[in-house]
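When the chains are written out, they are named A, B, C, D and E in that same order, and each has its own residue count from 1.
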Amino acid sequence: MRYLLRRLAFFVLTLWAAMTVNFALPRLMPGDPASAMMARFHGRVNPEAIHALEVAFGVDTHQSLWAQYGSYLGNTATGNFGISLTYFPLPVSTEIAQALPWTLGLIGVATVMAFLAGTFIGTVSGWRRGGVVDSVVPPVFVVTSALPYFWVGMVLILLFSVMTNGLLPNDGAYDITMTPSLTPAFIGNVVQHAILPAATILITSIGGWILTMRNNMVTVLAEDYVRMGRAKGLSNRRIMYQYAARNALLPNLTGFAMSLGFVVSGAILVEYVFNYPGLGYMLLNAVNNLDYPLMQALFLMITVAVLVAVLLCDFVTALLDPRTRGA
Amino acid sequence: MSASILSGTPDDSVGTRQAPRRGAGLLRAVRGNRKAMVGAVLLLIFIVLSIAPQLFTSVSDPNAHEFGLVLPPSSAHPLGTTAFGQDILAQLIWGTRQSLVIALAVGGLATVLSVLVGVSAAYLGGPVDGVLSGLTDLFLVIPTFPLIVVIAAYAGKGSLLVMIAVLVVTGWSYGARQLRAQALSLRNREFLESARVRGERRSYIIVNEMLPTMVSLILANFLGSALYAVLTAAGLQFIGLGDNNAVSWGAMLHWAQSNSALQAGQPLWVIAPGLCVALLGASFALLNYAFDEISNPALRPVRRPRARRTGS
Amino acid sequence: MSRHYTEGAPLLETRGLTRHFKVGGAIARKTLHAVDDVEFTIRDREIVALVGESGSGKSTVARLLARVYRPTSGEIYYRGRALSSFRTRRDLLGYRSDVPMVFQDPFASLNPAYRVSHGIMRGLALHRPDIPRHQRRAEAERILERLGLDPAGEALDRFPYELSGGQRQRIGFAQALAYRPRLIVADEPVSMLDVSVRIGLLNLMAGLRDEQGVSILYITHDIASARYIADRIMVMYAGHLVESGPVEQVLQDPRHPYTQLLVAAVPDPRAELTVDKVDHGEPPKVVDPTPGCRFRWRCPWVEDVCHRITPELVELSPGHSAACHVAAARAGYGDVAVAVADSGDRH
Amino acid sequence: MPDAPVLEVRGLTVEYLTDAGPVRAVERFDLDILPGEFVGVVGESGCGKSTMLFGIAQLLSPPARVSEGSVRFRGHDLVTMTDRQLATTRWRDLSVVMQSAMNALNPVAQLGDQFADAMRAHGERSRATIRQRAEEVLALVGIDLVHLKSYPHQLSGGMRQRAMIAMALLFNPDLVIMDEPTSALDVVAQRSLMLQVKQLQQQLGFAVLFVTHDMSLVSHFSDRLVVMYAAKAVEIGSTKEIFANPGHPYTEGLLDAFPSIRGPRLPLTGIPGSPPNLLHPPVGCRFAPRCPKRFEMCDVEPPFYDAGTSRAACHLHALADKKVVQ
Amino acid sequence: SSATGGGNGAGASGGVLTIANVAGQTWTCGFNPFNPAVNYLSFGFVYEPLVYVNALQNNAVTPMLASSYQWSPDKKSLVFTIRKGVKWNDGKPMTAQDVAFTFNLMKSNPGLDFNGLWSTILRSVTASGDKVTVNFKAPAGPYFYYVAGDTPIVAQHIYGSGQAAKDPVKFQDAHPVGTGPYKVNPCQSNNITYTANPDFWKPGLPKVKTVNYPAYTDNDPANLDLASGKDQWGGQFIPGIQHLYVSRDPAHHKYWFPPTTNVALYFNLKRQPTSNVAIRRAFAYAIDRAKVSKIGESGYQPPANQTGIVLPTFQQWYDAAAAKAAGFDHPDPAKATQLLKSAGYSPSHPLKLHVITISGYTDWDASLAEIKQELAPLGIDLTIDDLAGNTFDDRLFKGDFDLAYYSQAGGPGPYYEFRQVLHSANSAPLGQNAASNFERYSNPAVDKALNQFGQADTATQHKLLDTVQQAMLRDVPVIPTTESVNWYEYNTAAFTGWPTKSNPYALPAPWQVPDEEQVLLHLAPKH
């Protein structure tokens, strides 16, 4: 229990740090929302518009930095991230609520799939150490784990979309002319759109899981309790999963949590390449549109998502590993 | 990723297992490992390209708009030209340097930072350790890429120096954590206690007794950070947050993307620089993995006896 | 330097030596009594064995003597001078060169990144300023030869993993000897070694005492080897010294029930099996212990008083002491213990 | 057929395939174990004791393999059995206690589950039966039943070792193989555990193959003793007789390396030198380089001689006109 | 729902028009016509101006909600006669009251007044009967476009009450009530469907009954949908347009990119050495605008010229003779070298300057890279600083730069851009925000010409702008390099009536407000 309390404290601390960074950044930079909005419309609107914009955004009344910090923390805690510039006058939270499901759906599912599949392949490869699988796995996946996410995405687009005349869609989450609904047709369309980006995440992130799982397996297989399992006459399946894999998984799980940040980073680029309307894509769009309130909220959202995943991993670790429970 | 032989248990040394020695031993180990060899050869090629690009292409300013636009591959332009009339191959060759500089600089600086933070956290212990490892964990979990993106958006496009600084700041934590773990396991190792009992000063112990035994992990760390740097820098440049006017693979990708090279029938413009990033990344990853194997013999591939059944 | 030391004082003496460790997190902080109120002396040219079960605090005593840990309370006197008064680096170096330590694990105690000469040469540089730099190597070779490592020059240039366990442990002793020590603290120096080479090192230690007059605190849980080389033996249990005395006397006539159990348990191929009782005793509780004898849960003689009062080391015959109420009572000291207990001024 | 051996090992050879070449960690090892017999195996660290045990129990994993020989357990050759066939024999008839219980118990499973595991693998489905049997064996080794719900890290070292032994006794096996089950314990606990094993063995009648590097430990417990040196058995015979009258200089040296705590304090010599590297073992008698009694014949590998009470692989017996066996 | 009608390549059947315009975001379904982020979705479709002013045809005026208008002779007062029988699409009649209300709403809510009319020129707007009288503070000829052509008229009964009245700036306007040819029906985050307004005041129009406006977040899919014929009206840059678009169906896939304003290098005239006219002239001689256009803009944005007149759009204003005489019409490296030499610079002693530009404008990056390459051999070492948008603005507005690469909004005629770029009233001292004269040019003659332009007749107006052009050629305060264009691709397979180079009845890009209404009213299904 103490272990989980400690992790929870860490969670809160990290969150606070992320929020503070978020608070500090825009205050270190020149400009305000009105000029940012103005910058978005370069050449499109009459220069006089700046005045209108300043009024529209109610550019900051003069508050002390601490008061601003206080109200910022309060606002953020209550989910009030301000007003988006891109989607003016909608609140940022509305926009994020639209993007979040897509990211959770795509990146979440792809990442978990990569983790599960990678863990499985790693388990098998480590189990049959020196076998056919194991002689192929390390070199291949060392290489795939070093591929740039966005490039893999582009190659997939080239192969499965451009060169095959649009065999698979490479853009967005569903056909732009479709109406979101729970019909099979729409869901099928969504799945179709998710294939390439999911494949990209899978290809690039699976290697890491496979390799660490394989190495953990190899280490665990040398442990006496695995030999003991065999001595007890247990079936290979049971030894592999109950004895070896479960123990090998524990360090991997922590690794999973720890490297989620990396995966999410890569996934942002995947969303960008595929114009997938998730948080990452929105973030890069916000960057292009100089939508600072949105940017900040997104950064915070992504951090929270990663932190929650980390926390979940901690819980699962605690569940699987009795040793952490007492600690 | 794993403890090195240097910190292994005594039975690691029993019998036939060969522990690497610094210097010659390491070289020999690399030569004996196929992954390491491939990685090293790749890296060597890139190093040569970056040192003397002019030997491999006659183009001296690869960004100059001096050729025909969108030429298909030919003997004059083996990979064709860009929509701006630049020779793609020449850009690739000249672009090696920046990627390599970023990789080496970030790898080096981040490793130094990891060593400083990780080792002092472990060795000093107590509240110092608490603060430093808390900080490490924090940097580890905060998704760095969005952070970099946000910072870059505020700060505008970075020069190479800014990019390196940002990558170092966001890239040291993984190594620091590993080094701390290793240093922690070393901290109460008897040879350090032996040095203390001998009367050595603390600084001597850290620098001269502790660090040398962590060489292979430090090296692995360097490679890991270099890999991180190569990939992240390429990603940043790709989305246009790098210096677009630089001669670099990332900038090439950016230009290709912003000119819809894939759709416009110029796939080579995208494939080639991406492949270079991937190859350089792969060379670091292969070396890294190989060092893991070298320092932890348990991970090495084994020959599987065929003749008679042996259990599993 | 010697003027700081008291003429005629024992080589090393501890008084009320105590070391506690804080364990557990910030929330449930507990105190582990690794070494409690330990008093002993070591004289010149003497091998003193310290035995006891795992976790009884032997290594902690060794580290206290080697100044790896500071005592929580109590004092160590080296040739009459309190260790806490050694403040300057010069003083400390002086003490360190007089009292080096040899470690249990011959592999772990040599830095794998250096050739084995590293430790010896550093030791010479620190503690033997009289030897000029260029002669250090010759000196190192000389020491190794004396320890029976031949050819010495070649051994010095090896890496630790290239040496066998016995050779490594000799290097460990060579490091200690390079300082011209007065007292070597040897923490289980042979327990990791193969049986076949173990005896050779024991002989070496005896030789150091006999030929060079070095004293050794020999920590082990192998009582037979303690008997083989030690002059005196001390038995620890759960952080307490429970018995001490000349080795033959203690082993032939152990007074403390734990010592008796220990001696009976030692397998001796040349003797018949004497005990046939299964002892399920668990390791003693040294985390936040309550007063009383720490052996009481396993003790066949346990009495009421054992639960209340921590027994003190009492000399039961010349030079032979034990910390046991019952043993003391049997030897005619019982009244004292009970009287003191009843007066209630202890604990 | 009460006197047929439970285990007949013939010419067992085990190799580790290393980068530097095959390491023969066990070479042409022969051994018979009769029902209810307590056989001790001693030898220095690294001489191949554990490898031999795992070779017998078919628990080797790559890069190790049995390259030659047979292991007949109750008449069937374990070496040629399939995994499935092995699985039925294992534990039910032949169980193993490992060197360190710390590592041999699955750290993430409760003790009770690990007991149940083994029973289920052998077809026991009833939870009640499983629980009852688990309680019985725990009681045998004197561990509180609450520990069925404990995880290994919650037990002390001694308890873990005893739990392992309890687990080995779940099915009344014919043979229990023990690989230094006490080496992690201190003397008092060691002695106490050995006594317990001996008592159980006498009570339940299983045979024991017990490995250690501590001569003195086997002296009181084993009926027969095998002395190994550098992957080979060098002497086999009754424990008492070997202690009284060692037939191999190495055995002599080993005995000489253990000081006594009761007898006279004699200066001992031990054995000079160190054990050979198995990658390049010495030709001829492997002990010759360290042997104080070596002579010309030692360049040839010695066969087993009938040394009266024991069989020993030493040419000295040829000088004494002893017969070569097998 | 019927929202998906436009899909599947056959959109043209049934008269469904689909627009491919990359908005870079999904729809918020807010239609506030005063919100510049979304006004192109309502102004023109649902809301209408009083008149339509065609920038491509010398400001030809088409009456819309105002059936006619009358200037006072001093151009300080303007009276609109409001069209009769126009109805809001909720059935209520549109009146002069609504028009006056709209202007007065902007007065009370400066956040709506994106052209800054009330702060610069308007005095009062009043309605009586079917007349709306607009009074100006000064002669206001050039403001006609903003007042009559660029102000969406909203309904008083909507914007005068409830949520809208409370904060019209942040009013979402989810169900826009306007007079225009279309109604929003319905809006989803990925697509807006417009259906014809049956009560539209021009009978029989619009002929295209349904318009789909999908939310494209990126160029590639929009390009693909245009290329496949799924979408018929495009408004973005397509790299390799021949390969990607035209060649897919050469008979029907067409494009036309009419230029509207200049992209220019702004010199800092208040800083050494860019205050030195010789150096500016050297730049003007050195830069090969044709090559910049070809490399940086794939040739889609035509090269600009030093007079500042956007060609061919504003051809009739062009002072060709002066331009020819000045010699900037073709690159002249020799002259540039000589000028630089006179200022003390040479390839061995190069002039080092920084040019700031906006991060993410990749075509500008490419253009600047080309310019840099052209200047390098002459002894000008240009460093390109890519800045985040508002950092760029901050430095541009405050005059913290050597050179800046920028483009301004312009208007229906060269006057508007000239005024923005050159009039000293739009300048400010270094360190203070300039409105639009960022190079901080100050020339009383130019100011005077621009001031007189409002009241002058056409002939005089030409003379006045000649003066300005000559100043441009003489002083080189900025160097127009290329011309911003109206991106426009169209598909003639299913619809007729597209604006073309020969029939430029409106600026043709779908995002061009409110010209897109004119296009929509001209289009007709083929069958």
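Just so it is clear, contacts are C-beta pairs under 8 Å (C-beta built on N, C-alpha and C of every residue); 3 or more make two chains touch, one makes a residue touch a chain.
Nothing here was measured: the structure is a model prediction, and the numbers come from that model.
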Starting at subunit A, fewest touch steps before arriving at subunit D: 1
Maximum centroid distance from subunit D, chain identifier (CA atoms): E
Pair with more cross-chain C-beta pairs in contact, given A-E and B-C: A-E
Far-end chain from subunit C, centres as C-alpha averages: E
Rounded Å distance between subunit B and subunit E, as computed from the means of their C-alpha atoms: 48
Whole-Å separation of chain centres (CA-atom averages), subunit A against subunit C: 56
Numbers and ranges of subunit E residues touching at least 2 other chains: 220, 224, 360, 388, 391
Overlap residues in subunit D, where contacts from two or more other chains coincide: 45, 59, 61-63, 83
Contact footprint of subunit B on subunit C as seen in their complex: 63, 66-68, 92-93, 96-97, 100-101, 103-105, 107-114, 119, 122-123, 126-127, 159-161, 175, 192
In the complex, subunit E residues that touch subunit B: 219-220, 223-224, 238-240, 243-244, 291, 294-295, 298, 359-360, 362, 365-366, 368-370, 372-373, 384-388, 391
Contacting residues of subunit B [partner subunit A, same complex]: 1-2, 34-35, 38, 134, 137-138, 140-147, 149-155, 174, 177, 227-228, 231-232, 234-235, 238-239, 241, 253, 257, 262-263, 267, 270-271, 274-275, 277-278, 281-282, 284-286, 289, 292, 298-299, 301-304, 311-312
Residue ranges of subunit B touching subunit E (in the complex, touch as defined): 61, 63-65, 69-70, 83-85, 153-157, 240-241, 243-245, 254-255, 258-260, 262-265
Touching residues (chain side subunit C, partner subunit D) in the complex: 53-54, 164-167, 194-200, 202-203, 221-225, 227-228, 248, 251, 261-273, 275-283
